[in-house]
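I'd like to ask some things about the structure below.
By letter and in written order, the chains are A, B, C and D; residue numbering begins at 1 in each of them.
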Amino acid sequence: MSHIRLVNVTKKFGEVTAVNALSLEIGKGECFSMLGPSGCGKTTTLRMVAGFEDLSDGEIYVGDRLLSSPERNYYLPPEKRNFGMVFQAFAIWPHLSVYENVAFPLRIRKLPAAEIEKRTNDALRSTNLLQVAADSPANLSGGGKQRVALARALAINPDVMLLDEPLSSLDPHLREEMRFEIKDLQRKYGFSIIYVTHDQAEAMALSDRILVMKSGVVQQIDTPLNVYTNPANKFVFSFIGLSNFLDIVCTDGKAFVRGSNAPLPENLTPPEDKRGKKALSLASRPSEIDFVSENTSGALRGVVNRKAFLGEIIDYQIKIGEQEIRVQKGRRAPGPEPGEACSVRMLRPFWYAGEE
Amino acid sequence: MIKKSALLLATVMFFSILLAGCGGSDKAASPAPAAGGKKLIIYTSMKESLISGIVEGFKKKHPGIEVDYQSAGAGKLMAKIAAERQSGKILADIIWTSEVPDFYSMRKEGILEQYKTPLINELVNPFTDYDGHFTAARLGTLGIAINTDKIKTPPAQWSDLLKPEYKGAFAIADPALSGTAYMSVALLEKQFGWEFFEKLRANGARIGKGSGQVIDDTASGELAASLAVDYITNDKIAKGAHMALYYPPELLLAPSPVAIFKGSPNLDAAKKFVDYLLSKEAQTLIAAEGTLSVRNDVKTPEKFKMPEPADALKRSIKIDYVQMMASKEATIKKFTEIMQGKK
Amino acid sequence: MSTSTQKMITPAGNTLAPKSSFGVAQIMLFLSIAILVIVVAVPVLLIFFNAFWVNGEFNLRDVVKIILEPETYKALINSLIIASGTTLGSTIVGTFFAWLVTRTDLPYKTFMKSMFLVPFMLPSFIGALAWKMLLSPHSGFINKFFINHFGFTGPLFDIYSYWGIILVEVMYLFPFVFIQVCGALERMDPTLEESARISGAGLFTITRKITIPLVLPSILSGALLIMLYSMAHFGTVAVLGIENGIFNIPTLIYQRIHQSGGSFDSIRTGTVLATVLVVSAALIIWLQRKILSKGNYQIIGGKSFRPMELKLRTLRIPLFIFCLVYIGFTIVLPTVVIFLVGGLKTYGLPFTWENLSLKNYKFILFDYKVTKDAIWNSITLGLGAALITMFAGGMISYVIVKMKVRGKGILEFLGMLPFSVPGSVIALGVILAWGGKYGINLYNTIWIILVAYIARYMAFSLKANSAALEQVHDSLVEAARSCGASMWQTLKDIVLPLVRPGMLAAFFLIFLPSLRELTVSIMLYAPTTRTIGVAIYTLNEDGETVVSAALAGIALILIIVGDTLINRFTKKAGA
Amino acid sequence: MEIIRIEGIAKSYGNHQVHQNLTLSIERGECFTLLGPSGCGKTVLLRLIAGFETPDAGRITIANTVVTDPAAGIHIPPDQRGLGVVFQDYAVWPHMTVFENVAYPLKIAKRPENELKNRVMEIVEMVGMKGLERRLPSELSGGQQQRVALARALIANSSLLLLDEPLSNLDANLREEMRFEIKELQRKLNVTVLYVTHDQEIALAISDRLAIMDQEGKVRQIGNPWEIFERPADPFVFNFMGIANFVPVRRAGEAYLVGNGEQIIPWEPPKGDAPKWIAGFRPSDVQIAPQGAGLRGTVKRASFLGAMMDYLIEVDGAHLRTSIETHEAVARGLMFKEGENCVISFRDLLWFNADSLAEVVKQ
């Protein structure tokens, strides 16, 4: 059942189109992430949903309720939308105690005192903040501040929670911890999440579905696993996880790795629809490449440029023709030494159009 | 580019400061040669309009003598002299102000050179105890300056100031700031007693600031009338101010003595300056500014409608300057208390 | 470099090098302490000493007596009344305009912002002179206009009153708050307000509950700056208050010293008054620290989106007109009046073509010794004080910010001292220290004013230089050392070029205000050493209203030209 | 042959004792890393070596010359120690161009103009900054500024290079690239590098040897990367070097049981007879299967992280994490959902004394 609905949403800043005709539906209780490089329009989209930006065109609904529609000259201000929102820089009011921060939205709504107290304490309990309720937020760590922000957003029991890169100001350890906490809270309260981030691991760990965006245009909307295993295009492939691209040149019906005169092995040939192209790009993930013996079918010949022990993982740089790819193997997996010739096989190669 | 311009600016500033520094030391050094006997230095409370003409005239007459002057309030000059005495060297050769009691005290302290001018017999001398330590070089008068837009009937008596026309619109300069104001307060008190001031106060009279400022306030209409120094008032009238100056019969006369400091290295030049100041030429310049000369043979221009020097002296309220010197603080205090309504 | 490596290996290297760098640090520390002690600490201490020790004995009774004298006591109360009124007024005006230009859709905001900063340049005593011409009860142009044309029987407004003084001070001091609050509002993380909006709060609620409380520390620090300034301010009260018997502490000190004729008794009264002033200032600063330490919020951060603008809607144009009128009244009108009066033949004449000329201006610039001297004095004093303070402040800041030497604590304390000592106190202290009692007599010379300027403006220089030095990260210096540069070479090649903008800023921060300085100079001037400020003030006191107005006009031109040049220059250097 | 010897160094700031009786030596030509959490005093040690700080006690010798020894009153200032230093914040002088920055050490050494120019161009090219010599630092990216800093430290041909977290202000991609470049330059120029960092991945990738320091400034272990990672001296080192599982194991007679349950841990028992032990292992050392031999557990949390699947598994009250490459998980049907049962076994496991863990948990 769709809960939030964006219809043909477009946003222009002067000449620049930040978001171009975006339509999407987000289900109730779903965790939906918007992922993309900075400036791709994901934050602008979130801010339009929140009501901080006007739309240039299109409509936004929550359930049956219209939020914004420039065509109908309708705009519901953010304070009337009843959303929870968490900002990157925490946005905790330093002049109010933890308790007062969380109680603020309830006080604004002029709820009875007993109700305010109950709901504030509930929110504080859910975020493990009860014991610091009376403190000034200035004394809290980054993670603590982010919890206050979450509790404040929770206090009004919103249907929709908007999260704008909420974890990017935290250190890696905390980031991991907090994303599990957010997930737990969602389970408990059942709100929908729109989550904006540029960190693909975070988006994948947290979301039911991911939207990948580039320059205001949607590239793919799918489950995390599908986005990873079946990326819609080269951009999605490169943006999600580590990636290798080998330039392939096609002449006389044969394909070569650029800078090498040995044609590609038979089991590694471009798909039908790409064979006519002169330049192709052969994509693979470093973790999905095996070292194989020389005569394995579909293997490419290369030389180990560099080998680095990174703990869990050993990172190889292999030179193929004039190009380099990376291979990552678990630390126990056997592998060649620097300077050695080797053969590698891509487990799941992808083919994309190359730059001619 | 930025670096260059910053460097350039810094350099320019550096040299300008060097120049300024030199300039500064020049200035600081300029009085020094005077102490060595080159330049004649005059400290005076006379306003620019009065002193500059006289110095110019003196220079013309004695081209060999270099002269410089500093014009400031008498109080400021005395403070400077006090400080200079502490450091052991009075930089000035001549002092010419209107604060008569100062001269009495300086004479008492023995820092004045005795010089009996040969011209003494040609002068109207207000000092009965004249002994050459100081000589009156001008007879200042104070009258009632009125704003002619506001007061239509000229005042004839001091008691006219108590009329409703002057209500809340008459001021006397602060005797703490102005020597002439102090003189007038003392003279009026001698003549009419404190009750005169109490009546003035009852009619809304108040204390102004400097002796010049009350006149300017009269010119602007802020005041309808004020107790005013002659030549300052006449200067403003000449420039077109809507004012007139009137003298009641009991005349307030404030002589401006000139004196030479003891130990002046320019004694000769100083004596020449005193003589020049008392000469007919200089006294004519003084009279032309709208104040009274000390020479009987110099007539104040007709337009000022001022009394003859000798006549003025006769009409003036007499006072004992030595005693006046002693009671200065008490007088000012009492006056202030009355005029600010503290009593 | 191999030579240096060799040098390191040879034992000779170890004995030579360490001693020299140790020496440099000690010399700089010693010099810095010496400068601060001589220039600042000694004069201030002498004030305390002279206030409490009479003939070598501690004497509290006289101090109490002086303070309980009605005049003294009244002056203290007046100081407090005026300072409080001014602070309150300026804070309201400054905060309101800051909010208006940063948080609303007021038209031409950037222009408005720069206009609101203009009063910062205008010396308030010149403003007071102008307002006296406009609003003195009987002859003020505005009052006269109302009396003549609207049948008013009395003045519309009497400038010679507490209200008048406070009004004028507010007009010229509110930028202290304005600048602080503008800065805070501009730097404030907009999501702090957005999160309140999403919480359901409307814009006015947010302004009241979030925005204002968050910038409160900035408002307070600006307010206390004004309080401090106003308490010790001479010009406005001297011009507008004395007439009606309204004295504050600085004007009372001035009057006492003026009447003293060099006698020590009145200087002593001055020292007691100055002590009161210092204690009040210290109290204010302490209060400021206490409040700021409690509420010094971190409100900067986050992604910078454009902060939201409050739509003024129907109030937009009326508020715009209001701003224009305010600017017209506080800046344009007084300036015009100053220039017009400066052109009059004599004060009191109407502004007609036959009465107006440039004669006064010509007279001031070319003929009148007093004003010619004053302009020359102010420029040389400004340059001298700025240059000396720039270098001394640079060195002292370097020791405070960058060096790790023992004894730095004293320096930090001494460095803070100039921030809290009012100008008139410095003047008095300088008289005590350099008045010949201790062997050197600079009284009545230009040098005593120079010494006082250096003491007064040292704080500015320390601030600008420290700020510049903080930007020079330690590693930049250490990088040079590890490249083989000695301490002197590092100072010359790295530190000096990097703090040059800060030193230049210090130079201008001192040069410009010293051009119009009055509070200190008025206590120290001698007949030969008037400054521009003193000349304007004394000429006015002498009733040379038109001449003093003309000089004020010339001073305004000097200041505005100087400021513009500097803005140009610093903008270029910053780009 | 050792190039730096640190003997019995002590250093404190006020009441805070950073180092106490620290002894360490670094061999000529190696890349040695000081690795530890922030605040462990590794930067202080580097600054002591560089001469920016003086120790309270102890002695530092560089290339057989005592450079600091408070007891003997010796302190050679930094400019006389012949070192190259690269700082975390680049410390590139903003008022000088790239060329001027790099040339500065030679200018100080008063080298002839001609030699200076050639040498600067040579080194600028070496760090890949050719063509940018006239730029000001403000016109360079962070990575480029770091290269300038490196070139400046290298130009004087000093045999010892101190690097203080030089990469921590760069973004992840650049950091990866630069660490290899530094390593290559070190090999090419055959200089000794002392590298200070808190990032264990960089330390492993770059070092010949590394020293692990703890919060108190104590050196826990010195060894090559493999030793440090695979043979940690204690739980602290094990924990610091990557995600670590610590599972409590208790002895019941001859059997060693996991958590509070009755399952026997499928690994050879520890040597010793303490009643309580901790089993330490990396997530990658856990094999997960839907059924078979091993410990039975439940998947509490399944996180898809792209290349990896990350599972949190509960075995009788003990929680442990395992990770498996996504493609392998998909291929072998190991995509567990939360709440599903599973069986785990181990590829490797270390035994730790139960007490020694307490301090790790504390952190």
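In this text, a residue touches a chain if its C-beta (ideal position, glycine included) is under 8 Å from a C-beta of that chain, and two chains touch if they have at least 3 such contacts.
On a predicted model such as this, the values are computed, not experimentally measured, just so you know.
Asks: With centres defined by CA atoms only, which chain is the most remote from chain A?
Replies: The chain farthest from chain A, judged by C-alpha centres, is B.
Asks: By C-alpha centroid distance to the whole-protein centroid, which chain wins?
Replies: Smallest offset from the overall C-alpha mean is found for C.
Asks: So how far apart, in whole Å, are chain B and chain D when each is placed at the average of its C-alpha atoms?
Replies: Computed value for the inter-centroid distance: 86 Å.
Asks: Distance-wise, how many Å sit between the C-alpha centres of chain A and chain D, to the nearest whole number?
Replies: A distance of 29 Å separates the two centres.
Asks: Could you give the separation in Å between the centres of chain B and chain C, each centre being the mean of its C-alpha atoms?
Replies: Chain B and chain C have C-alpha centres separated by 36 Å.
Asks: Distance-wise, how many Å sit between the C-alpha centres of chain C and chain D, to the nearest whole number?
Replies: 52
Asks: Identify all positions of chain D at which a residue touches two or more other chains, and write them in rising order.
Replies: 95 - these are the residues of chain D that touch more than one other chain.
Asks: Touching at least two other chains at once: which residues of chain C meet that condition?
Replies: In chain C, 497 touch at least two other chains.
Asks: Among all the chains shown, which pairs meet the touch rule set out at the top?
Replies: Chain-chain contacts present: A-C, A-D, B-C, C-D.
Asks: In their shared complex, at which residues does chain D touch chain C?
Replies: Answer in residue numbers: 50-52, 62-67, 74-85, 87-89, 91-95, 104-106, 108-109, 149, 152-153, 155-159, 162.
Asks: Please give the residue numbers of chain D that touch chain A in the complex, ascending.
Replies: 180, 200-201, 204-205, 225-226, 229, 241-243, 282-284, 301, 303-308, 310, 325-327, 330, 347
Asks: What residues of chain C sit close enough to touch chain D in their complex?
Replies: 1-5, 7-9, 11, 13-14, 17-18, 21, 473, 475-476, 478-487, 489, 493-494, 497-498
Asks: Show me the residue ranges of chain C that touch chain B in the complex, using the header's touch definition.
Replies: Interface residues on chain C, with respect to chain B: 136-140, 144, 242-243, 245, 255, 258-262, 345-349, 355, 368-370, 376-377, 379-380, 383-384, 387, 435-436, 441, 443-447, 497, 500-501, 504, 507, 525-528, 538, 540-545, 569, 572-573, 575.
Asks: Which of the residues in chain A come into contact with chain D in the complex?
Replies: For chain A paired with chain D, touching residues are 180, 200-201, 204-205, 224-225, 228-229, 240-242, 285-288, 306, 308-312, 315, 328, 330-332, 347-348.
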